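Working notes for the structure below.
By letter and in written order, the chains are A, B, C, D, E and F; residue numbering begins at 1 in each of them.
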Amino acid sequence: MNNPVESDSNTPGDASGAGALLVVSAHAGDFVWRAGGAIALAAERGQRAKVVCLSYGERGESARAWRQGASLEEIKELRRGEAEAAAGELGAEIDFLDADDYPLRESEELIDRLVHIYRDVQPAVVLTHPSIDPYNGDHPAANRMAIQARILAQAIGYQAPGEPLGAPPVFFFEPHQSEQCDFKPQVLLDITSVFAKKRKAMECLPAQQHMWDYYTDLAKRRGVQLKRNAGPNLGFTTDTMGEAYMRLYPQVTGELA
Amino acid sequence: MNNPVESDSNTPGDASGAGALLVVSAHAGDFVWRAGGAIALAAERGQRAKVVCLSYGERGESARAWRQGASLEEIKELRRGEAEAAAGELGAEIDFLDADDYPLRESEELIDRLVHIYRDVQPAVVLTHPSIDPYNGDHPAANRMAIQARILAQAIGYQAPGEPLGAPPVFFFEPHQSEQCDFKPQVLLDITSVFAKKRKAMECLPAQQHMWDYYTDLAKRRGVQLKRNAGPNLGFTTDTMGEAYMRLYPQVTGELA
Amino acid sequence: MNNPVESDSNTPGDASGAGALLVVSAHAGDFVWRAGGAIALAAERGQRAKVVCLSYGERGESARAWRQGASLEEIKELRRGEAEAAAGELGAEIDFLDADDYPLRESEELIDRLVHIYRDVQPAVVLTHPSIDPYNGDHPAANRMAIQARILAQAIGYQAPGEPLGAPPVFFFEPHQSEQCDFKPQVLLDITSVFAKKRKAMECLPAQQHMWDYYTDLAKRRGVQLKRNAGPNLGFTTDTMGEAYMRLYPQVTGELA
Amino acid sequence: MNNPVESDSNTPGDASGAGALLVVSAHAGDFVWRAGGAIALAAERGQRAKVVCLSYGERGESARAWRQGASLEEIKELRRGEAEAAAGELGAEIDFLDADDYPLRESEELIDRLVHIYRDVQPAVVLTHPSIDPYNGDHPAANRMAIQARILAQAIGYQAPGEPLGAPPVFFFEPHQSEQCDFKPQVLLDITSVFAKKRKAMECLPAQQHMWDYYTDLAKRRGVQLKRNAGPNLGFTTDTMGEAYMRLYPQVTGELA
Amino acid sequence: MNNPVESDSNTPGDASGAGALLVVSAHAGDFVWRAGGAIALAAERGQRAKVVCLSYGERGESARAWRQGASLEEIKELRRGEAEAAAGELGAEIDFLDADDYPLRESEELIDRLVHIYRDVQPAVVLTHPSIDPYNGDHPAANRMAIQARILAQAIGYQAPGEPLGAPPVFFFEPHQSEQCDFKPQVLLDITSVFAKKRKAMECLPAQQHMWDYYTDLAKRRGVQLKRNAGPNLGFTTDTMGEAYMRLYPQVTGELA
Amino acid sequence: MNNPVESDSNTPGDASGAGALLVVSAHAGDFVWRAGGAIALAAERGQRAKVVCLSYGERGESARAWRQGASLEEIKELRRGEAEAAAGELGAEIDFLDADDYPLRESEELIDRLVHIYRDVQPAVVLTHPSIDPYNGDHPAANRMAIQARILAQAIGYQAPGEPLGAPPVFFFEPHQSEQCDFKPQVLLDITSVFAKKRKAMECLPAQQHMWDYYTDLAKRRGVQLKRNAGPNLGFTTDTMGEAYMRLYPQVTGELA
C-alpha cells in the first residue's frame, strides 16, 4: 500500500476502511465542474462523499433564469433540484446551507455550521475553492470559511458535538481562469474511469450548457498533462481525462512516487 | 493501491514491480544527510537504488582533512571510501563521476554521462538538490545538470544507448538552510522504520560528526510535522522520523490522499 | 485603432464613443497624487471622469489641521473643498461617501453604494489602490471594496438599478512607497500633455505642499522609464512625464504593442 | 489611435508606418502553435514578420521521424520544409540558424548572429519563449539568447552593422504546460480574424497532428477568457479565438484601456 | 553606535535611553516559545518589555486541561498564572485582553484597546505573529490587529490619549511550521546569553512539556545558522542559541553590517 | 554597540577594529551612482574600502564617446580616469579587471581573480548588483561571479593565497529601474553626512550629467522613506539622504532594532 501512515486511520465511524470526502462549494454548481471526477472516484471506492453548498448561487450564477423573470425562490428551487440530481449521478450526499451569494458573507454562524459538519463527517479528505479569485469574491470566502472551520473543529475546546477532527488534507479544485487565480496544478487526478458520470452530472445543469464542452475539453487537457507527467506512459490511453488540484498542506506519505 | 495509474509501470527491465530510484548528488556526502531515509526505504522494498556523486566534495566539504595536510588524492580516496560505506548501509549502489567541486562546473560531457545513466537505470523516481542555494553554488549546478540530462534522455533523437526515458517524477531533497533556499516541504516522508539505517550511514562520515545530531534533530522535527499533517494521528509514535521533499512536476495519482 | 475589440463598446449611455473613467479613492487627496494624469487625459479626450472618495481622510491625512486645533467637521469641510477644486482642475466629477477613515471600515452598505455607482456610471475603466500597503490599512480596504462592488455589479441577480456591468479593466495606481507594496509598474502612462493640469490640481492641496515636488519628481522618474521602455524614443522630449499602473486582469487587445 | 506615444515611431527603414515583428523560436515548429495568430495579424496589417528558428528541433521534437529511421539530415530537411510552408501560410519570412537542439547551447556566436538580425530587422515587437520551462531546457535557452541579443543590439559600442536598436517590447508566448512554467496570461490577443490561417499553418506540420486540435481548443479557451476580460462583450461572437502572452517590460501607452 | 539615526530617540517617557519592546501575542503561551529570547535581552538591557496576550488560548491550546475536565474559567486562570510566571522569568510586564480564541475575532474594540496601549507604551520595537498560518487562524488575526493598531496610533486624528506613535519597526517571530507560513528568517538574534532564562520561562508551561525540547532544538538550529551567517565566526561557541525574525518594514541604519 | 556578535571580529589583518568593504561593480561607473554613500561612510569610519570594476563599461555605457568617434582604447582610458577620480572622492581604492562588457562573460579565470581579492581583502561587508536585471545582462553576471567567488574563497581546499574567508554579509545595491528587477529595499542607509562627497564623485563622470540629478532625486526619495521607517523622526532633517539595499543572507544581530 502506498501510504501506510494513513491506512485504516481515516475511518471514524466507517466500516469500509476508507474515510469520507467532504466538498465545500460556494455555489450549487461549483462541485460538478471542478471536482465531479474526484467525487465519483471516492463514491466508487465506497467512501462516503458529502457536498456542502454554502449558497445556491441564486444571484451570481443564474443569469438565464433572472433574464427569464424567475423569482428568487424559484431560482433557488431550480438550482437545488439540479444540484441534487448532479450529486446523485456522482454518488454523493448533498447539503445546502442557503447562505446568500453575491456576496457570500463570512459569518461566525456559517463557520459554526461547518464545524458541526466536520465533526459529524470526520472527513479523511477535504476539497474546496482556492484562496484567490479576482473574478469572484464568493470563492475565496468559501475557502476561508472551509479552512477556518477545519481548524476550529480540531480544537477540543470548541463547543460542538463529536470528537475533535484529525488533520485531513485539503485540496483546492481548479477555478475557471486558473492562471489568474495563481492556481498551479500540483496533483493531476486520473478520472478516466468515471468521466462518463461526471459528464452526466454536468448535463444535470442545463442552464450552463456551454460549460459541458468547456469542462470536457479541460479534462482532456489535464489528461494530456497527466500522461506527460506520469512515470512511464503505460496504462494511459489517448482519452485519459484528468482533474487538477493544489494542496494546502504538505503530502504525508510512506513512499516517494 | 493508492496510485493505480503508476502500478506496474515503473518497471523497465525490473521484475519486481517497482522501478529504480536514482539520486544525483553534488558531493559524496549529500545523499546521506538529505535522502538517506528515502534510499533505505526504496532498498527495503526491493527497488534498485543508485546514487551518482558528481564530485567527491574534496575541496568544499573536507575542511578537516585539508587542515590535517592531506593531499587532494588522499582526500578523494577518503571520501570515496566513506560514501561507499554509507551507501552500503542504505542498500544502494554508488557511482562517482569525479568532477571537480568548488566549483562543480556544468559541462556537456558531464550531462552526457548522466544521460547514459538515465537510459541505463530507467529510474522510476529521481532525487536531487533544489535549484537555489545561496551558500553553495555546486548544489544548483547539480540540480541543473540532473534535470537537463533527464530531459535529454527522453528524446529519441539523443544519441545514447538504451530506450528513451519515460517521465519519472523528480524530488528535491532538503538543503542545509532550507528557508534561505526557498525550500518549502511539499512531501513529508515517513522514515521511522529505516531511521536506524540512516543513522548508521551518517556515522560512516566521521569527519562531520556534528552533523549526526543535527540531522537526527531535523528528522525528529520533520516527524513532528508529519504527524501534524497526517489525516488522523493513529499509527504514529512519539519518535516518528521524517524527511522533507519538494516536487518539480505535479503529482500524478488515482486518488486524492 | 489599436484595440478594435473594445471599439465603441465602452459606451453605455455615452454618445462620444468613449466610456467613462471611474476612480475609487480611499481619501480625498489620493486621486490627485496618484492618478491625476490619467484623469486629465480622459477628460481631455471627452470621457466622463468620475472620482469617488470613500472618506475625506479627516483623521489619517490631515495632521496639520489637527495640530492647528480644527474640529472634525471643519477638517472634512476643508478637505472636501480642496478635493473639489482639484477635481475641477482635472475635469472630473467628484462624489464623497463620507465613510470614516483610520480605519476605513469595509461594510456591505458602502459596497452597495459603490455597486449603485458602477451601475450608473458604467465605467469603461476603473482605477483604485493596490491590494497591499503595510503603511495604510485604508488603501487595501478601498481596493477590496472597489473590486467586490465591481463583481457584484456584474450580477444580474444583484438588486440595484441599471444594467449589469460589463467587465471593465481595473488599474491600480501607485502607492507612496511602491516597492513595499509589491507594486511593479506594468503600464507607464504618458501624461506629459496634461502634467500642467496635474500640477495645478496638486496645488489645490496646500497642506501637503512637500508632496508637490515629491510627485513632480516621481512623474519625471516614471517619464524616464517610459522613454526607456518605449519602442524607439522618437516623440519623447527630455521632460516626458509619466504615471505607473498595475493591472488586475489581463489586457485584451487586437495588436501586440 | 490608442497609443499615440508609439505612433509612426516603430518604423526605421519601413515606409508602411508599422514596424517589424521578430519571432525567436527554439525549434522549427514552436512559432506556429504559440504565435501563429500574432504573426498572421502583423502580416495582414502590412508589417514585416520575421521568424528565426534557432534549431530545426531535429532531436527533441521529431520522434516519429526517428522511429521511422530517418537520418539527421533528412529530419532537418523535412522540418525545414514544413516550417517554411507554415511561415508562408502566416505571411512571414523565416530564417534557420541550424544550431543543434537537445540541447540548444547558448553561445556567443549564436547571440552575435541574433544581434545582427536585430540590427537589420529593427523590430518594433519581439516574441520569444518564456524564461522557465521544466520540461524543455531549449526554450529557456532561446529566451536568454533573444533577450541578451536585444540588449547588446542596443549598445552603440557593440560591433555589428546597422543602427543601435531602440527598445522594442518583448512578449513571451505560451508554453505547452503553462502553469508549470509560471506563465500567467497578461495579454489576450484576439486572433479570430486570422485563425483560419493559423489552422492552415498548423496543418503544414503533419507529424504532430494531435497538436492541431490541442491548440485549436487552447485558442477557444483563450477566446473565452478574452471575452470575459473585455470591457463589454459586444463585438465578440461565440467563436472568438485568442492567444495569450506575457510582457517582459512594462507597457508604454498614452491611454489606459 | 551602530545605528546613530535612532540614537536616544526611541525614548518617549523613558530615561534609560532605550525604548520599550511591545509583544502582541494571540494566546498566552506564544510569546514564550517564539520571542522569549528577545524579551529577556531587552529586559536585561533595561528596556521596558510589555507583552499583550489577546486571548488565553483557552480553547485552542489547552487540550490537556479540557481532557481533564477543567471548566473554561479554570483553564483561563491556569493559563494566566502560567503566562505571568513565564513573563516574570523573562523580566516582562504582561497584559491580558481576554478576547475569545478559536476563533480570535478581529474587532474594532480590540484594535482600539491596542491603540491605547501603543500610545501609552510608545514602543521602540514591536513583535507579533506573521501574517500567514494555514494551521491557526488566530495568529494572522493577531498580526492584522497589531499592524492596524500601530497605523491608527500614528494618526493624530485618532482619538486616544497620548502622543501619536512614531514608526517603530515590526518583527514577526517564528511560527510553529515556519516554511508552511512563508516564514523566511531575515534576522537571526543571538540569545545565547539569556537562553537559560528562556528555558526557565518555557518550564513555566508544564502542559506543553514536549515543547521545551522542541524549542530548545530550534534555538540550537537557529544558532548554527547564526554562526554560518555571521561575518567571521569568532565569538561564537558551539552552543550559540538563536531566534529568527522577519521584518515588515525596511531596516533603517547608519551602517551596513 | 548594536551588534556585539560581530564586534572586533571583522578584522583579519586590520588594526582599526573595523573590517573592509568590498564592492564588485560590473562597469566603471556603477559603484558611484548606487553605492557611493556606503563607500564614503565606510571610508570616513576608517574602514578600508575597495572597489573592483570587472569592466570599464566601454561598449555598453559610453554612448557619447562612441558617437564622438573615440577608439576602444581611448574610451577605456577615459572611463578608467573618471572612475579613479570618483573613487578618490569617496576615499576608496579601485581595481580594474578589464574584462569585456556587453557582454560581460562569466569565466573561471575572472572568478578566480575575485577569489584572490576576497582572500586578500578579507572583507567584512560585500556590495554588488542584484541578481535580476532585464535591461542589462552584465549586472546579473557580475552578481553571480561575486557570489560564486565569495563561496569559493571560503573553502580551505580552494587553491589561492591567504586564509579562507569568513561569511561576510552581501548587500545588493539599487538598480536603475528597481521594480523591474524585483528590488525591494530591505535596508535604508542614512548617507546624509556624506552626500556632498557622493555628489562630487558623481560629478567626476561628466558624460552622464543627466544622472547627477536623477541620483540626487533618488537619494532624497530614499531619505524620505528612511524617515518614514525610522522609529521616531528625531534626528532627521528635511534633507535626509538615503541609499537602498537588499540582503542576500539573513542579518545577524544581538539586538532587534
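Going forward, a contact is a pair of C-beta atoms (placed from the backbone, for glycine too) under 8 Å apart; a residue touches a chain by one contact, two chains touch by 3 or more.
On a predicted model such as this, the values are computed, not experimentally measured, just so you know.
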| item | value |
| --- | --- |
| Given chain C and chain F, the chains that contact each of them | D, E |
| Chain located farthest away, centre of chain F as origin (C-alpha) | A |
| Chain whose average C-alpha position is farthest from chain B's own | C |
| Matching chain pair for C-F (criterion: over half of the contact pairs shared, by residue number), options B-D, B-F or B-E | B-E |
| Between chain F and chain D, distance of the C-alpha-averaged centres to the nearest whole Å | 38 |
| Centre distance in Å when chain A and chain F are each reduced to the mean of their C-alpha atoms | 53 |
| Contacts with two or more other chains, residues of chain F listed in rising order | 135, 180, 185, 225, 228, 249-250 |
| Pairwise chain contacts, counting only pairs that touch as defined | A-B, A-C, A-D, A-E, B-D, B-E, B-F, C-D, C-E, C-F, D-F, E-F |
| Contact footprint of chain D on chain C as seen in their complex | 1-10, 12, 19, 21, 38, 41-42, 45, 124-125, 127, 166-169, 171, 185-190, 225-226, 228-236, 244-245, 247, 249-257 |
| Contact footprint of chain B on chain D as seen in their complex | 58-60, 62-63, 66-67, 72, 75, 102-103, 105, 134-137, 180 |
| Touching residues on chain D, where the partner in the complex is chain A | 135, 177-180, 182-185, 214, 217-218, 220-221, 224-225, 228, 238 |
| Residue ranges of chain B in contact with chain D within the complex | 108, 111, 147-148, 151-152, 155-158, 248-250 |
